[in-house]
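Next up: some structures, all given as structure tokens.
Shared between the two complexes below is subunit A, which has subunit B as its partner in the first and subunit C in the second.
Up next, the complex of A and B:
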């Protein structure tokens, strides 16, 4: 999303789903995993909206679809590429939108190439791309050259057209198993309904090509002019465990809060940081340093930039990789808060082995989850394990104050409803007392490396207050200590005079605790609910809403007016907060034309080009490297989505058999005895894994709730009637499912909801298994991640949970 | 209190089962040991501790899957067979339309179980009492929605005044019929008009529901013909025999083959 639109967030909101005319739900089983979505989808359906579901299985979501297609797991880009091709060939795109609000006309660098499944700049040794050739042709002003027409062979649009000309419905059928006529039907249904929205979740991201799958959605939605509009957008359904909030707070290893790029080991100063990340990041970085180090962050010490840890950009420290490092003995101590890694990490043998390498493991959870009990898993000898395990009893969500940020980017405050049970404590209290005690241990140290700990501004009170934390995120005017009133005030303030712990949250507590607002009236009828909680940024409910207007700044959809240019008063105004550079800059100004202001081009990116805006034409007199304004978000695996087979696949890539799999996917290889690879000869079937509505994530909580265990008491393997007949089993029998990495025995659920399909002419089977079980809890069961593979998306580090090869037999 | 209705709009139900948890939570019913029955269904039938559950039916024809979910609970009939069958006058019908069992009077004889065309009430053999959905009458009479309705997120369960909601149900039906011509209301006419009315996506028999549920003829004969006479003329022993005969007829006719 970020390389396409500028922000890595769901574009619209739950309550906006009611405005859609058509839904493409692919890679999301929202009826089960985001049940609230169906409330709003049902409202749209009542008004006649069409619902398309593409999924490896006929799910509970599919039961409500007007059109369903069963797809081979991990092949989405093939059919989406065919839809892109169809849209371009039949000129179904929104011409005005494409010309004005995307980079379609910009000229791509002459040395950009795509040949035999590989983009230009590939280095086979490091398995990485150099991205320099993915840029634009620049003019003398360092701005991209613009073609006169879409037909210009150098234009982004022409590159797109050529790239996807290989993707026909027939080719897509051979790859995905979806009949060509059905793919055409999906394309027609989706293109006819405007606005149309796309919903996805982990079904789309948990692949070695996850990021590119979402890019394919972005290309379709930009072509159809569906971004920035009520009822349109790409709705990335984020999970209930505050997934949006935790990514906002930098749970990704290469971020700082507010999606600031993390400093790297060659950044000696904030200036160096800006050379790589643009001058636009200076202010939020300094504001963050002010929030964290207060008066110790001053101009004369480069705002304590040296206090920040610097990462090595060649090391991918995503979750699975951490366990690989742990297994190699890199860590002595691990804190495991609210995660049940021994159940949730793919190829869990890695976790089982890695945890034994620690001196100490601290687990903070409600229950003694599997991860905390790894030393007594059946088959493990406790005497052989030297890791000391400490358990912190954690308070439950209803036992603590604080905010949850939902998928709509709504920061929602809640008060504790109950006192924590027994010795349980809220996370904040645990972390606060830990930090205070750790700081005491460093008391009096003059060692430079201890300065960040001693000089941290840590003032959440004697008993840490969640509201004070939220206020720190909102930020202060550091000249007078008052809370920043709004995002606009933060933007107006000069560098170094304002602090914020997460700049996108600026304004959330400026004028009272806006996150606590609960006014659910909606005069617009569009489900904007702007007085309910606070949406980042600046309470904008629908991102990029400038694109809902025409060149004159007037709404193109009379029924769904979001914002407009009020010429009489010379201001952007509307039902929603205008997502524009400057509210006073009209649609005929360069600022007022920008529909995607977080992108350096100010436009949506069909081609994710390498580009930094605002680079000076004349080199600076002091000879220092130039600082541009804003860099583009990049995908490390290509500027346009390309179809690659999953890491373990039953077939070769039909488009380029020599480069069958993603040439840059991260496949764990440090422990070959743990990470074995399977071949289709031995493991002929495709396994896909998922959650069920009855259990939550790794089941750490829900498997200890009898009422939920009653509703889903055990894991199972779903398989087609064909396959059941072949291996001689009937519904309810036990089966053994095995991969190159492990095997589990579960109950068989024989169903018509999975059908045998043809891939490259060969009959193929998908087996589906939920993954929420482990050996502990009131309802123990085998963990499906015994089977899965630790292969990761090279950009996001997301594991390919959704595809691996297995065999199945009667147990 | 006016007559109430709950519309179960199966076209909006996603089988999330939240209603079943809400029911157990409000009514303080313990979980029971289960395993997968078929599809995603783990609760096979009603029990003294399970008053509502969701059935899953997979119908695959002409390469099209119909995955049908239906929340099952007491229908709260307009003309309840259980009430008629009850030997101890423990069952009554409230003004709002709900059919409730008074456990002080219930002796666990099981006539309600035998006579219900939907097999709803179940007798707890230890307590010797019959149990079923109460319609959350304790909530309803305090102006709250039944727990299942309160918790439903998708809009599949709606609660309101009978006449209003029935009108809405009919409008909704004509919409649904555009894509599902077999869709129909179930409970509008059945059993004297039930309090839980269903919008089904297909014919009732596809869901395993009786096509024309009626009060068993045997029960009508017994209650309306034999007993009024018997009360005067027939001795106790003879009456017992008659009950036994009718109970067997009922059992033979209305219990499913699996039992």
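Up next, the complex of A and C:
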């Protein structure tokens, strides 16, 4: 999403789903995993909206669909590419939108190439791309050259057209198993309904090509003009109660809060940091340093930039890789607050082995999750494991004050309703106590490395107050100590005069605690609910809503008016907060034309080009490297989505058999005895994993709730009637499912929900397994992640849980 | 009386009794009265569901400090009073006998937990943090400068031996403090399940 539109977030909201005319739900079984989505989808359906579901199984969501297609897991880009091709060939795109709000006309660099499944710039040794050739042709002003028409062979649009000309419905059928006529039907249905929205979840992201699958959605939605509109957008149904917020807060090795890039080792000053990341990041970075180090962050010490740790850019420490580093012995101490990696990480042998390498593991959780007691998993000898484990009892959501940010980016406040059970404490209090103790241990130190600890601004009261932390996120005017009133005030302030812990949250407590607002009236009838809680950024409910207007700044859809240019008063105004650069810059100004202001081009990106805006034409007199304004978000695996087979696949890539799999996928290989690879001869079937409505993620909470265990007592393997007959089993029999990495024995669920399908003429089977079980809790069961593979998306680091090869037999 | 579903859910407090009065005996009313009696004297406190990212509103009925009932918040614009089976089951987390209620420690090589005090637990972790930080501190990365061919020492300030797995299941304020805590003590090795 971020390389396409500029922000990595669901574009619309739950209640906005009622405004759609057509849904493409692919990679999400929302009826089970996000039940509330169905409430709003059903409302749209009552008004006549059409619903398309593409999934490896006929899910509960599919049962409500007007059109369902069963797909081979991991092949989405093949059919989506065919839809892109169809839209372009038949001119079904929104011409005005494409010309005005996308980078379709910009000219791509002459040395950009795509040949035999590989983009230009590939280095086979490092398995990485150099992205320099993925840029634009620049004019003497360092701005991209613009073609006169979409037909110009150098234009982004022409590159798109050529790239997807290989994707016919027939080719897509051979790859995906969806009949060509059905793919055409999907394309026609989706193009006819305006606005149309796309819903996805982990079914789309848990692949080595996950990011590119979402990019394919972005290309389709930009071509059809569906982004920035009520009832349109790409709705990423995020998994956990605060996954939007925890991502905003950057519990990620490569970010700081508010999506700031993490400083790397060559960033020795804020100036260096800006050379890589653009001048636009200076203010939020300095504001963060002010929030963290207060008066110790001054202009004369480069705002304490030296206090921040700098990552080594050649080290990828994303979640699964972190366990690989742990297994190699890098970490002596690990904290684990609110997750259950021993159940949730793919190829769990890696986690089991890695945890034994620690001196100390610190767990904070409600229940004694598997990860907390890895040292007594059945089959493990506790005496052999020297890791000390400390477990903190954590308070539950309703036992503490604080906010959660939902998928609609609504930051919602709740007060503690109960005292924590027993001696449990909120994680906020645990972290606060811990930090204060560590600071005390360093009392009096004059060592430079201890200065960040001693000089940190860390004052949330005797008993840490969540509201005080939220106010730090909102930020202060550092000249007078008052809370920043709004995002606009933060944007107006000069560098160094304002602090914020997460700049996109500016305004959340500026004028009282807006996250606690409970006014649920909505005069627009569009489900915007502007006075309920607070949505980042700046209470905008539908992102990129400038694109819902025409060139004159007037809404293109009379029934779904979001914002408009009020010429009489010279201001952008409307039902929603205008997502514009400056509310006073009209549609005839360069700022007022920008519909995607977080992108350096100000436009939606069909082609994710390498580009930094605002680079000076004349080199600076002091000879220092130039600083531009805003860099583009990039996909490390290509500027346009390309179909690659999953890491373990039953077949070769039909488009380019020599480069069958993603040439840049991250496949954990440091421990070959842990990470074994399977071949289709030994493991002929495709395994896909999924969730069920009764259990949640790794089951840490739900497997300890008796009535959910009664509803869904144990894991199972779901297989087609054909396959069941072939291996001679019936419903309820025990089966052993095995991959190159492990095996589990579970009950068979024989259903019509999975059907045998043909891949390039060959009959193929998908087996489905829920994954929420582990050896502990009230309801233990085998973990499906014994089987899965630690192969990762090269950009996001998301594992390919949704596809690996397995065999199945009667147990 | 026209009672919409949303309106009906809002009436599920004492006003049901008013609706029921004077209508004679009816088992459904008796049931509603039982519900009213159960909730009498309780305080309704809104909260947010802790499962998917819907952010549905829940109402907690708390009487004398105890959670006695939980239901969907009819005023919440997203769920309008509805809850899925998981959310509806959250009542049982409050007093689950399986909750961990005291800090614990598992000693190296041991096959069991021992309960310890908060004081002890926090001190052990603080001490260990300092010890590992000291032992694994990396002040500089050494790189070969592409232009000069010389070795450059780059200041990096990293506590190489500490990792922190945060969470998409804790509040924003907690996630933020995890981020801040990590960078201040010098570890960028802060990740969580959003990645997966």
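The rule is simple: the second predicted complex is superposed on the first by the 810 of 811 C-alpha atoms of A that agree within 3 Å, B and C clash if a C-alpha of one lies under 4 Å from a C-alpha of the other, contacts with A are read in each partner's own complex, and residues count from 1 in each chain.
In the analysis below, a residue touches a chain if its C-beta (ideal position, glycine included) is under 8 Å from a C-beta of that chain, and two chains touch if they have at least 3 such contacts.
Because the structure is a prediction, the values reported are computed rather than measured.
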Task: Please indicate which partner A:35 is in contact with in the superposed arrangement: first for subunit B, second for subunit C, both, or neither.
output: both
- request: Considering only the touch criterion stated at the top, classify A:710 as touching first (subunit B), second (subunit C), both, or neither.
  value: first
Message: Quick one: is A:503 in contact with subunit B, with subunit C, with both, or with neither? Answer first, second, both or neither.
response: neither
Message: Per the contact definition in the header, classify A:572: touching subunit B only (first), subunit C only (second), both, or neither.
response: neither
Task: Could you look at A:731 and tell me whether it touches subunit B, subunit C, both or neither (first, second, both, neither)?
output: first
- prompt: Of the two partner chains, subunit B (first) and subunit C (second), which one does A:694 touch, if any: first, second, both, or neither?
  reply: both
Task: See if subunit A has more residues touched by subunit B or by subunit C, and give me that chain.
output: C
Query: Considering each complex separately, which residues of subunit A are in contact with subunit B in the first and with subunit C in the second?
result: 35-36, 39, 693-694, 706-708, 711
Query: For subunit B, which residues are in contact with subunit A within the complex?
result: 11-12, 14-18, 20-21, 24-25, 30-36, 38-40, 42-43, 58, 60, 65-69, 153-155, 175, 179
- line: Listed in rising order, the residues of subunit A that touch subunit B in the complex are 31-32, 35-36, 38-39, 42-43, 46, 58, 60-64, 66, 68, 692-694, 706-714, 716, 731-732, 747, 749, 751-753
Query: In the complex formed with subunit A, which residues of subunit C make contact?
result: 45-56, 58, 60, 62, 65-67, 75-80, 82, 84-86, 89-90, 92-96, 98-111, 113, 116, 118, 121-130, 132, 135-137, 139, 141, 143, 154-181, 183-196
